[in-house]
Amino acid sequence: MIQHFPILSIMVLFLGAFLVVLVGRSRIARTAVVSAAVLTSFALMVALIKPVMIDGQIISYWMGNWAPVSGYAIGIGIEVDALSLFFGLLVSLAVMLSGFYSFKYITQDDSPDLFFTLYLMLAGGVMGIVLSGDLFNIFVMLEVMTFAAVALTAFRSWNPNAREAAFKYLVVGSLGSTFVLLGTALVYGQCHTLNLAQISGLLSVNGINPTMTFAFALLFTGFGVKAFMTPFHPIAADAHAAAPSSVSVLISGVFTKTGVYGIIRVSYFLFKSMGMSSMQTGLVFIGCVSMFVCVTMALNQHDFKRLLAFHSISQIGYILTSLGLCSAIGIAGGLYHAINHTLFKGLLFLTAGAVLYATGTTKLEKLGGLARRMPQTAALFMVGAFSISGIPPFNGFVSKWMIYQAAYEKAAETGSIGYAFVTVIAVVTSVLTLASFVKVGQSVFFGELPVELENVKETPLSMRIPMWIMAALCLLTGVLPGLMQQYIINPAVRATLDYKGYIDAMMGEGYAAAHLADTVPLAEAKYTFAGAWDPAFWLVLFVIVLLGVTVAMMIGKSGRGAATAIADDKHDTFFGGEKNTFSQVGGGDLFWGFKYNFRRYLNVMGNAHSGVVNDYVTWGVIDLALIIVYCFIFM
Amino acid sequence: MMLVNYIGAVLLLATGFYVMMTKENIIKIVIGMGIIDYGLNLIIVSIGFNEGGTAPIFTMSELKPGMYFVDPVPQALTLTSIVIGACVTAMALTLCIKLYEEYGTLNSSHIRRLRG
Amino acid sequence: MKNTDNSDLIVKCLADKFLPLSLVLGLYVILHGNISPGGGFQGGVLVSSAVLLLYLAYGYKGAAATISGKILHKGEAFGAICYIVFAMLGIFYGFNFCRNVLFSRGEIGDIWSSGTIALMNYAVGLKVLTGVGFLLMLVIGLLAADPAEKAPDASEGGELK
Amino acid sequence: MKRTLLVVALLIFMSAGIFSVTYMYKNIPITYDGSNTDVYELAHNPTDYDTSDADGVASIIVKENLDKTRATNNVTAIVFDFRGYDTLGESFILLTAITGALVVLRKSKKRGEGAAKNEEH
């Protein structure tokens, strides 16, 4: 019975999508269908934790019972190992929470039935990718996902930018699909099969020839487009800003994860290129560039959601960097950061959606002082901002610490100054992230309340509940890293590093031993932590600081301080709604000095993000050419 | 024989990339995406081609001893890929219609509200 | 584009003659998809070309009077559900998803020789003929629309007030 | 500058691509060597046909097709049976694209409440 769970958790989403079309306008029926679909999908994924994560079972499932004959996989296989299940859990969790959020959120738009059809199609496509065991099937599901994401980007007919963003997204996204399909075709030409496990076995027997190097570069770049790695990030920013917020959650938390998943599968599993130090350097370089470029771009933004979008890619840069380090702690840190990224980024996008829902704008200049009007949203935003900036005891701290440690250990191990520099870049990026969230907080939730926003109300309860759940998960994954590592992260790390079980489960016992005889594991799946980082201490410290702030606040209010300082607007800061009389610089312009000193760099980057779709395609093809050259030289 | 097809497919792909990179008319960009699709379909079918093979259909009356088929798998993949290409074109053209309505131009260098 | 409504007698007559032919040809290709070249996709596209013929002869109004876009959209979802259900028959029969059950009836070359392959073929045929037909309806609606009232058909499937 | 980079990138893509496909043509055996699979024999005796020296999925699919699915058209058998799941995905793509076209082409509408629209950048 259990082997049917993965396919059912994919199909239930698609069935839900079609049933939404059939039930049409009935709101209750639609809500019931969507809730049933996302809940069933999540429940089926959770039910797989016990056998796959804890017992180490690998579920292989052949469509139509077409098991391999004479050592060739003739059918399409679905295979769920710990890595696939890790991403599957992530996807279904984000889809479920964001789906519940959208029931109320989408009432501001027309045709919600079309919205939920596309929403479930997007979710089903992503689930199809992460659970699939067939290269061409991954391409097909990638296209389902891309189309649904493009259509959802264009969904807001009242947003004048939506069609433009969708068109750019479609053009650049189809560029990525082209790369993936061309790579798939070349791999088929070499291996005469499309099954991932068998390709992995045959490629290590045949070795890497020029055709396969080319195919690797294509597949890597193609999945990189889906992960929005650096030259492809402008479309992500456009799409996030134009799409409804609950879709932004999916695009940032789920869509990009398929790219990360694809990169892991291609470079760790199919081509096993991660063993080479040159490829590690390449991936780390791409990650660092993504991380740094996007965080500096984010500092310069004036739109809440666009800023969040750039941060999203910046965090993807963290994930790619730590995956490129190719040590056990690096992979663990990357996967941990992937789950945290989905949680805190989802939370931040949902708060942005709440602000948009309540006020109708996401322009930083037009917002302000919302903390008094929307206290819960402000608190949730603080949680998300603390998490993404890596402030203990929230989850970003744990994974970022692991990434720093991995980079530092790599530097110590290889003795190269470059990896030490990577650690520095990671820390600097984290600081800049915090800086730009200070700016967002100052200009959206604190500061002076504009007159137009006097009547703003807190968002409805049905929108707040998913946000609170995400915030609670942010705290829980930060406080209980041991539990997470034991049950979720470590099995996935083991599955990434030791894939022989995957191949055997797919192709029959002994296939891996026959084909991968002399392949050594890339690294041992064991790691220890450095430093005093027990999260319980941090939680206690956090609570103490929180208490201290509260006490100071109460003392200040009790009037004892009134003798020395007259209570006026000047002392009213940081709780929202205060006047701007005493601050010379508005929240949106908080880092004017930084911007001025880096104006050359920011100008260059601003010109590069020209908004012309030809330019984005050009950057993409140049990036592909660079990766091809790099692979041909070093692989 | 097949080498010509392979190289032709690569050239088609490069042509498509060139069109997408340089042409400012968004309809031409969509045409470039179409050219890329044709290149992809050509290379997939060519990978499956087999000198002297016949269509992979078991028509009993026409089969002769010693006959063999071309590879049917890439043909099936091509069918899927053609439909996907048609869907890309349909979607992109609908977006072009809307963009023309909203911006009054098809020039991609004027469709750039989102930048920086 | 505007004067397609009062179109030529010759076009009308030819469309009247060719419409049944294209329908029959398309349905033949769908129904024989599992034993001859072609299949659900190709046949579905052939059938949906009927929409274009109707449009050529009678204009958008004639086509919209004959064919309801809403029903086409729902028919497409219905076809997709049928496909999934036929694929799930495998699970009900104790095998895996997408398993071809009910095969091994009849000789090779008969219509019923290939079990659920044929059923899936028909489901895809239904899905494609409705889907592509709906897409064509959308596009010809766009062509026929006056600048004053744009795309009247777009409200057919959506929930517009 | 951009022009030069563009041309260089295209040249790199073309040369790497042509080099790769030439290598594939010369050194990698073609997918499905027909001489190994005599379909006439296979068509008359499907159950006993030997596939132990298969050189790709295709030869096994051709044999298994006649043996198990009994569809005469191999491509249809692959599309609907061996790789039926892909066809399922393909029809999903069609539905997604059509729904997407409907979403894009529908009449634009003002936002429900909160008059401010998303302004120009």
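In order of appearance the chains are A, B, C and D, and numbering begins at 1 in each one.
The criterion applied here is as follows: a residue touches a chain if its C-beta (ideal position, glycine included) is under 8 Å from a C-beta of that chain, and two chains touch if they have at least 3 such contacts.
Keep in mind that this is a model prediction, so the values were computed, not measured.
Set side by side, B-D and B-C show the greater C-beta contact count at B-D. Between the CA-based centres of chain B and chain D the separation comes to 11 Å, rounded to the whole angstrom. Centroids built from CA atoms put chain C at 23 Å from chain B.
Each chain gets a centre from the mean of its Cα atoms; for chain A and chain D, those two points are 28 Å apart.
In whole angstrom, the spacing between the mean C-alpha positions of chain A and chain C is 39. Chain A has residues 14, 18, 21, 63-64, 76, 110-111, 114, 136, 140, 143, 147, 150-151, 154, 160-161, 163, 166, 188-189, 194, 242, 618, 621 in contact with two or more other chains. For chain B, residues touching at least two other chains, in rising order: 13, 17, 21-22, 43, 47, 57-58, 60, 73-74, 77, 79-80, 83-84, 87-88, 90-91, 94-95, 97-98, 113-116.
Residue positions 6, 10, 13, 17, 21, 24, 31-32, 56-58, 61, 66, 72-73, 75, 77, 79, 81, 83-87, 89-90, 92-98, 100-107, 109, 120-121 of chain D are each in touch with at least two other chains.
Under the stated contact rule, the graph of chain-to-chain touches is complete, every pair of chains being in contact. Residues of chain D that touch chain C in their complex: 66, 68-73, 75-77, 79-81, 84-85, 87-88, 91-92, 94-95, 97-98, 101-103, 105-107, 109. Those residues of chain A whose C-beta lies close enough to touch chain B in the complex are 136, 140, 143, 147, 150-151, 154, 160-161, 163-168, 170-171, 174-175, 177-178, 181-182, 185, 188-189, 194, 237-238, 241-242, 300, 606, 609-614, 617-618, 621. Residues 6, 10, 13-14, 17-18, 21-22, 24-25, 30-35, 37-41, 43, 56-58, 61-62, 66, 72-75, 77-79, 83, 86-87, 89-90, 93-94, 96-98, 100-101, 104-105, 120-121 of chain D are the ones touching chain B in the complex.
Note for the complex: chain A touches chain D at residues 14, 18, 21, 63-64, 66, 69-76, 107-111, 114, 117-118, 121, 124-125, 128, 136-137, 140-141, 143-144, 147-148, 150-152, 154-161, 163, 166, 186, 188-190, 192-194, 209-211, 213-215, 217, 242, 303, 358-363, 366, 452, 615, 618, 621-622, 624-626, 628-629, 632. By the touch criterion given at the top, residues 36-37, 41, 108-109, 135, 138, 142, 150 of chain C touch chain B in their complex.
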